[in-house]
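Questions regarding the structure given below will be posed in turn.
When the chains are written out, they are named A, B, C and D in that same order, and each has its own residue count from 1.
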Amino acid sequence: MKKYIQDLQVVNKMILSKEYYLLELSSNQPLPEVLPGQFAEVEITGSDTTFLRRPLSVHDVDYDKNTISFLVQIVGKATKHLANIEVGKTLNVIFPLGKGFELINNSENALLIGGGCGIAPLLYLARHLKKQGVKVSTLIGVRRSSQLIELDNYKKYGEVLITTEDGSEGTKGYVVNHPVFENLKQFKKIYTCGPEVMMKAIAKRANEAGVDCEVSLENMMACGIGACLCCVTETTEGNKCVCTEGPVFNIHNLKWQI
Amino acid sequence: MKKYIQDLQVVNKMILSKEYYLLELSSNQPLPEVLPGQFAEVEITGSDTTFLRRPLSVHDVDYDKNTISFLVQIVGKATKHLANIEVGKTLNVIFPLGKGFELINNSENALLIGGGCGIAPLLYLARHLKKQGVKVSTLIGVRRSSQLIELDNYKKYGEVLITTEDGSEGTKGYVVNHPVFENLKQFKKIYTCGPEVMMKAIAKRANEAGVDCEVSLENMMACGIGACLCCVTETTEGNKCVCTEGPVFNIHNLKWQI
Amino acid sequence: MADLKVNIGRLELKNPVLTASGTFGYGEEFADFIDLNRLGGIIVKGTTLHHREGNAYPRMAETPSGMLNAVGLQNKGVDYFIEHIYPRIKHYDSAIIVNVSGSIVEDYVATAEKLASLDKIPAIELNISCPNVKEGGMAFGTSCPGAKSVISAVRKVYPGSLMVKLSPNVTNIVDIAKVAEDEGADSVSLINTLLGMAVNAETRRPVLSTITGGLSGPAIKPVALRMVWQVYNAVKIPIIGLGGIMNATDAIEFFLAGATAIQIGTANFIDPQVTIKVIDGVNEYLDRHNIKSVKELTGSLIV
Amino acid sequence: MADLKVNIGRLELKNPVLTASGTFGYGEEFADFIDLNRLGGIIVKGTTLHHREGNAYPRMAETPSGMLNAVGLQNKGVDYFIEHIYPRIKHYDSAIIVNVSGSIVEDYVATAEKLASLDKIPAIELNISCPNVKEGGMAFGTSCPGAKSVISAVRKVYPGSLMVKLSPNVTNIVDIAKVAEDEGADSVSLINTLLGMAVNAETRRPVLSTITGGLSGPAIKPVALRMVWQVYNAVKIPIIGLGGIMNATDAIEFFLAGATAIQIGTANFIDPQVTIKVIDGVNEYLDRHNIKSVKELTGSLIV
């Protein structure tokens, strides 16, 4: 897929919580096709200490409005800095990058599991799956209920299940403690994004249940376009760049000890 | 004099021309006494490429409003970046720094000569001299008339003379080409700030005419408080820090070939 | 339009802007962003005799105005390059230069010999300075006998233009540059990365799997400029300068300090179009200063 | 409140935060901004046997995340220090350490002897690594015999705590650190500045009067951390780490890599209160991580 480098304009910024915000950016050219699971490399200007671009998953694309949106969690200097950008300003963005999720077909069931900011790529995925006729269940795991954001958006595409570590909403515990894990075989496929330890626990369960499973990795990236070889993950075929061969991998291709 | 480090708030920003702007900053504490010719070290945040603070002369102090102002010329990254600061934001400033001009007394004549942004410290000086009863003449030299700024302010304290290199206003040529140089002896003292080559030409003429002359130097500074020894100028007593022993020097103490 | 042509020994480049090894893949990765035919040269990934998996992840850490990498020469080996990659990239109208690495002298020699047979590879860059591999690599680049052994051996089998890439992790880079000149290198390129380290204070662990890695980016520009200047004053062969070049002004600084051509590395990650901007910017600088050829800039620092 | 006390050989510091020589004057310059008595130590300006005027202006260039300096050890000589400055600063409740430089071994020795007589100077820092003076200085720090000659000579006459400041401009800093240890140094401090250069593309001139100068600031932090780690794994005497420390997190990184104490240099120019913020920040980190003493951090990197 052809990659673009464009100055996109911030047309909307929504502070969702102390930690999360959403940026909606518009292009002055028609947006190219973007697949669910793909990401972008965003230039961070005006931050004293950020040097490299930052990878962000495509959260949603609205072709009618010609906008692309990102859901960002504040974890460090760049994500904090970006939270202060004003509507009207532009961001230089390289996109769409990487390979997305492999969609399944008609009238099958898919379980989408997002941990923390890992829900970012799942919205756009859910939209595509629903369009394909897939029945989508989205399981969202957070520490405490105040971290639950955008539930209504996810509900548009199917049921939303919740776990919180402190039990303040939904099932208490980690995502794998949710009852849905007792009947994983109902799903044709599991798609997940979040902390690696969470994804590994899910992969193990999916593996045991014999359910196909794709994970979206968030390895440290310098270039995002396959040029630096910094972002590799070990696969059955050796080290592969997460930015070009991923960020989505089928767990059977990874060398995870599960 | 005690030095302060404070977050000052931008209460006014005036774009004076393509090159010049004025920042007026207020303190939430009563401003300390600031002498004409002193300067401040301003922290530059949010610029990708500026690392050190930047020295700026005190342009004026308004003790009634409790504000201090700086006249800035855009010459590079920091001065360009600072031009975009918004009213309401704060700047971390260390001030007042250095030794100021030595004032003369009652009913004597002083000639103030500013080249380009060198006029910055002269306004506050003129104000002080006038208060002392000194008759002030201010000679301003620029390339072209479009660079003339704030003339009305300077006129408050005495006559304003002008040279432009292209002859578009006042006398055509450099400051030393102004007719006032034909009768320098009328002045008890000359105060000047601007490009070094201009100040040297003035120093030579002052020397010949036997008129006392102080120059304000703009050496490259890292700390502004005498700690790094980067900003030295050669004086009759060896290398001296411009930030603590200056920025104002009497030409007789410098080792200029004049 | 000034004359941007430069000569690296017998090799003529249409302009002095090359891409640095390991930061530009095989060029193809940037085809969506720029016209690769406009580049003076493309120095492809570090290539070794045999396939290498490189170091374990994590391989990257951001640092003030720079980054550390610990890629460790991941590549599929020279045979794979010749068979699968070369055919895809040889048509670029830009000098394709292969960066050659090894653990023992014999590997360098064997790799260079294989590359010598390729029509459209006018030069190789001998990487005697990679800090990210345990054996060999930097060891050759940090001692005169080490440098001599590999350069002289490769020179014997490689008739093309031989560029030797120097390590900055030395007490005196001039000594190594002189060895390269004496052993018949056509040019030297400098600098490779400075050996550095990053620590995560919260996890109390090193950021890189290898603990230490190679520092690149604007942070190292002052060191790179100094070394180019020192080497320029000591050897006669052309110098290809690199280290932290982000824009045309940086490139000009390297020319003034003594570089005949420059390479752009880390900057490609931040702006994949930077190379073209530098070419255009150098041209604009020359025109503005009324300088006819970029060659006039080399070493023209007024001191 | 964690225990911040550290021992540099026989010298106990109330906390591990010192100021780096040449960046903090004699301390007095910062008296308006911080309580100097809170510092673990103040390392004063490079002091030589005789008065030195230093290098010509310009002496400074800003660089990406750093700066170059070419001060060249301007100071009024050790006698002036003893007579005029020492009396003014000796009452600070903070270890006052004098950084000693010279062009020949005899100068180092004579300077150290004079300082040995001062009650309130518990240590000297031997600067064998200044890149900004023509003779001596860095030359001693870049070869083992050079380092040995000056360290052993000074050790003979100086009974106090002897800290040797190492140059990063070497192929192998471990070799020099071992010499320091073998010759009886009580500690090593590292790193001094990296030799760098800046060019003004428009004027086509070097920015510094000396063409090259010393690079400091965050740009060099990765190199400094790496060297601290290498030296920590090779010698037993305490290490004082420095190079680009801007905040408490940076300081923690140096402790983890092997430093017993740290120095803050260039950061003082940007924030004259940074030292106090680092002391408070280190304390906060220790409390948050439930670590009783900062000593536990030294070299505790999990690898």
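The working rule: contacts are C-beta pairs under 8 Å (C-beta built on N, C-alpha and C of every residue); 3 or more make two chains touch, one makes a residue touch a chain.
No experiment lies behind these values; they were computed from the predicted model shown.
The minimum number of touch steps linking subunit A to subunit D comes to 2.
For subunit C, the chain with the farthest CA centroid is B.
Mean C-alpha position of subunit B lies 47 Å from that of subunit C.
If you average the CA atoms of subunit B and of subunit D, the two centres end up 36 Å from each other. Subunit B has its Cα centroid 55 Å from the Cα centroid of subunit A.
With touch defined as above, residues shared between interfaces to two or more other chains in subunit D number as follows: 61, 63-66, 217. For subunit A, no residue reaches two or more other chains under the stated contact definition. In terms of which chains touch, the assembly is arranged as a closed ring, every chain touching its two neighbours and no others.
Every pair of chains meeting the touch criterion is listed here: A-B, A-C, B-D, C-D.
Against subunit C, in their complex, subunit D makes its touches with residues 61, 63-66, 68, 142-143, 169-172, 194-199, 201, 203-206, 211-212, 215, 217-223, 225-226, 229, 244, 249, 252-253, 256-257, 285, 300-303.
By the touch criterion stated above, subunit A contacts subunit C in their complex at residues 2-5, 43, 49-53, 94, 219-234, 238-239. Taken in their complex, subunit A has these residues touching subunit B: 45-48.
Subunit D contributes residues 22-25, 29-30, 32-33, 45, 53-54, 56-67, 69, 71, 74, 217, 266, 268-273 to its touches with subunit B in the complex.
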